[in-house]
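What follows is a set of structures for review.
Here chain A shows up in two complexes: once beside chain B, once beside chain C.
So, the complex of A and B:
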């Protein structure tokens, strides 16, 4: 077990270094990406600024707390691009061209090989940096900021990453029937877009939907709630439970779906 | 003795693809949105064969015969519809990591090297993927760079390499982990004669040195002729011939082709004394001649006509295969 974790970590580093070498070839792209990311993060902040100009709190979250929430989404996104997201975006292409073949023949779990194939530092870099700035700014303006929350905050960010990965696996498993994955990833995109709203705005059926079916209400709310000091133990355990279930079901469904891969003839 | 154990054992392997048909045009596309006609295509039909460790076997067959599908099942890329396969004792589609470390598949039309990076970078990545010991890795690279004459290519981005150079690098990348079983799907496709020859002699040398079991598909008779003592001919998903290559051409091909270019204009009508004329005009001629007659007829031609150029050629693989298929009409 320990050996496997170590091997996959080393593999990740190897893929990361290859991708960095690759990305450096196209420098202009890198700069454009950053500008676009910062622009859209700014739009987000302005949106909430206007919203909070009229009301005090949303779902019990004030403006600075919401900045932490929104910033956390950016951080999770960047973490996802650094670990798996890009591979899933390109999955349809790999399946259509048959380049997925090599992921099935190499002695690496397919779900990991796909994730690591295109780990991108630059893709969401601006969003990640902006996210850290927002979280930092929000944290500095909290009434009761507690440093002890930070390590737990980071742990729950990782937990959110697992939820995101599990969800990605589940949705993208359908690619073996649909062959194209663009629409599937639009679903994943909107899933992450709803993550910036505090979980408290949902009630009843909506709450269940955004917890157990599309678990986006936990992605940012749980870590952010820890940092602002309003997390209750049940939401932490719920998030961990959801992460484990989504990862398990996602991997099982993924490994089963691979049976239906028909490759591309050459 | 290990060499007597079959490295690859295939029993009644069948793969059926589901294909959705669509009429041509927009109307057909709209119709297909609501109702699609599904047909089942048997890409591989109860194929059975076994290959010993260290053997170099060629797969012959026209496009769409099922060669690639078979190799993909042996690699665990595709799941079969039914049948059993054992390669080195593993069932390929279980995708056991121990099996994956011991085989490689190279597809001539696919590229596994990183397009924008030099091949040496892809080699490093494969070292990590396969967990190859750095010393062994370096030794293997040196050895193959030597065999394939690659030294100055290692640091050029892959996209700037020629097709032949790229294929060589693909081979190296796939052989770094020193597989015991190697599947080659059209390794020489699209290459010029010199590159083909290079790749061919490399495969031969590699098989001889490492005793690697090699299964090769190709359209080029030369590939198969030079490399494989044994061939499997596959058509419409079934194996129609399994045996020595020499026996194959003896059994199905009893003639050669003689091509002539005359040095001066001739009567445009072929002489009645010559049989089996395929083409004949004032400046050139093509004859199809029984193998045992080749010497006599060549002699006769050279004596009778002023000839600039004369060549005796083997019948092309397509024709050999066509003959086999004429004898074995597909069962539907």
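So, the complex of A and C:
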């Protein structure tokens, strides 16, 4: 067990350093990516700025608290690019061209090989940095900031990353039937994009839907609620439970779906 | 004319083949819209209000936005840009096809197909929300609405084509194109109705043609647009002006074209 973990970690590091070297060739691209990230985060902030120009609170969250939500989504996104996201974006191409064969035959779990294939530090770097800035800015404007919450905040961000990975696996498993993954990733994109709204806006059926089927309401709200000082133990345990279930079901479904891969050409 | 009809039919077949992915993409948009509906509902049930929008107006705004996204907004720049980058665009240089008309037809058949699918989804959604949406009071409004959709669709295609042919000059910057598109949709009122924006921003958005893609048709539907006829005229002028610019840009682009890989 310990050896396996160590082996995967070493593998991850070598993929990361390989990709970093690759990315460093295109320094101009890195700068463009940062500008684009700043643009998108900027549009998000403008959206809420305009919204809060018309109203006071959304589900009990004021403007500065909402910035913590927006920033948290950015941080989780950057963490995802550092661990798995880009491989899934390329999955459709691998399946369509038959290059997925390589991952099936390599001596590592396919879900891990695919994830590590293109781990990228720079792809979403701007978003991560902007995210930290927004969280910091929002945090500085809180009436009652809770400093001791910070380590728990980081832990729950990691928990959100697990939920994100599980959901990504589940949705992308469908690629073996659809053979195109661009649209599947639109769903994943909206999943993260709608995560920046506080969980309190949902009620009734929607609350269940956006917790257990499409768990976007937990991604940003749980960690942010800790920083804002309004987290209850229920939601923390709920998030951890959802993370574990999604990871388990995601992996099981993925491993089953692979059987439907039909390769191509060669 | 005959050849473009063939292009239409071929692409229609193609769209049929990929109906699964199209459906998934509609589901993605539906996910986005339903979250927004919960958001507005939460805001209004707390006794707050956005501008002069009733809750039913806002719900209608976003249901229509969902449908316009499938029926009107064009997404061909991705494939067009790829064609230019990988050299397959050279086909147009030896075939008696004008790329502008070719892609217009491709876009048209795709939009008609997606439009049929979204009409079903939108129909179901509207019947679920029937007590919470605003319905036009007379037939003229519906007629105006259809006209504004057509004008919006043509304009949306023209902008998208313009973004696509940027690939003649700029290589491999998908994300930059994506940013342009997102900026246009923002100014078109995709995220928020333009009259909720701060005043300076509103003036800017009103001068730009992007509002005709989303905001203008919806305002017509909600009967909030004071001068629809004037809007139609302005949109038509924009269509003609951008058409001329596109033809010019296309000629310049082809001169600049490097035909990589061929």
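Methods note: the second predicted complex is superposed on the first by the 266 of 266 C-alpha atoms of A that agree within 3 Å, B and C clash if a C-alpha of one lies under 4 Å from a C-alpha of the other, contacts with A are read in each partner's own complex, and residues count from 1 in each chain.
The definition used in the following text is that a residue touches a chain if its C-beta (ideal position, glycine included) is under 8 Å from a C-beta of that chain, and two chains touch if they have at least 3 such contacts.
Bear in mind the structure is a predicted one, so any value in this text is a computation, not a measurement.
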Which superposed partner A:257 touches (first chain B, second chain C, both, neither): neither
Partner chain(s) touched by A:245 [first = chain B, second = chain C, both, neither]: neither
First (chain B), second (chain C), both or neither touched by A:56: second
Partner, of chain C and chain B, that touches more residues belonging to chain A: C
Chain B versus chain C as contact partner of A:18, first or second or both or neither: first
Which superposed partner A:7 touches (first chain B, second chain C, both, neither): first
Touching partner for A:102 - first (chain B), second (chain C), both, neither: first
Chain A positions touched by chain B in one structure and by chain C in the second: none
Residue ranges of chain A touching chain C (in the complex, touch as defined): 32-33, 36, 39-40, 43, 47, 50-51, 53-59, 174, 177-178, 180, 182-184, 186-187, 189-191, 193-194, 197, 200-203, 206, 210, 214, 216
Of all residues in chain C, those that touch chain A in their complex: 18, 20-22, 24-25, 27-29, 31-32, 34-35, 38-39, 41-43, 46, 48-51, 173, 175-176, 178-179, 182-183, 186, 191-192, 196-198
Chain A-facing residues of chain B, complex: 17, 64, 68-69, 72, 75-79, 95, 97, 100-101, 103-105, 107-112, 114, 116-117, 121, 124-125, 128-131, 185-186
Parts of chain A lying in touch with chain B, wherever the complex brings them together: 7, 10-11, 14-15, 18, 21-22, 25, 98-99, 101-102, 104-108, 110, 259, 261-263, 265-266
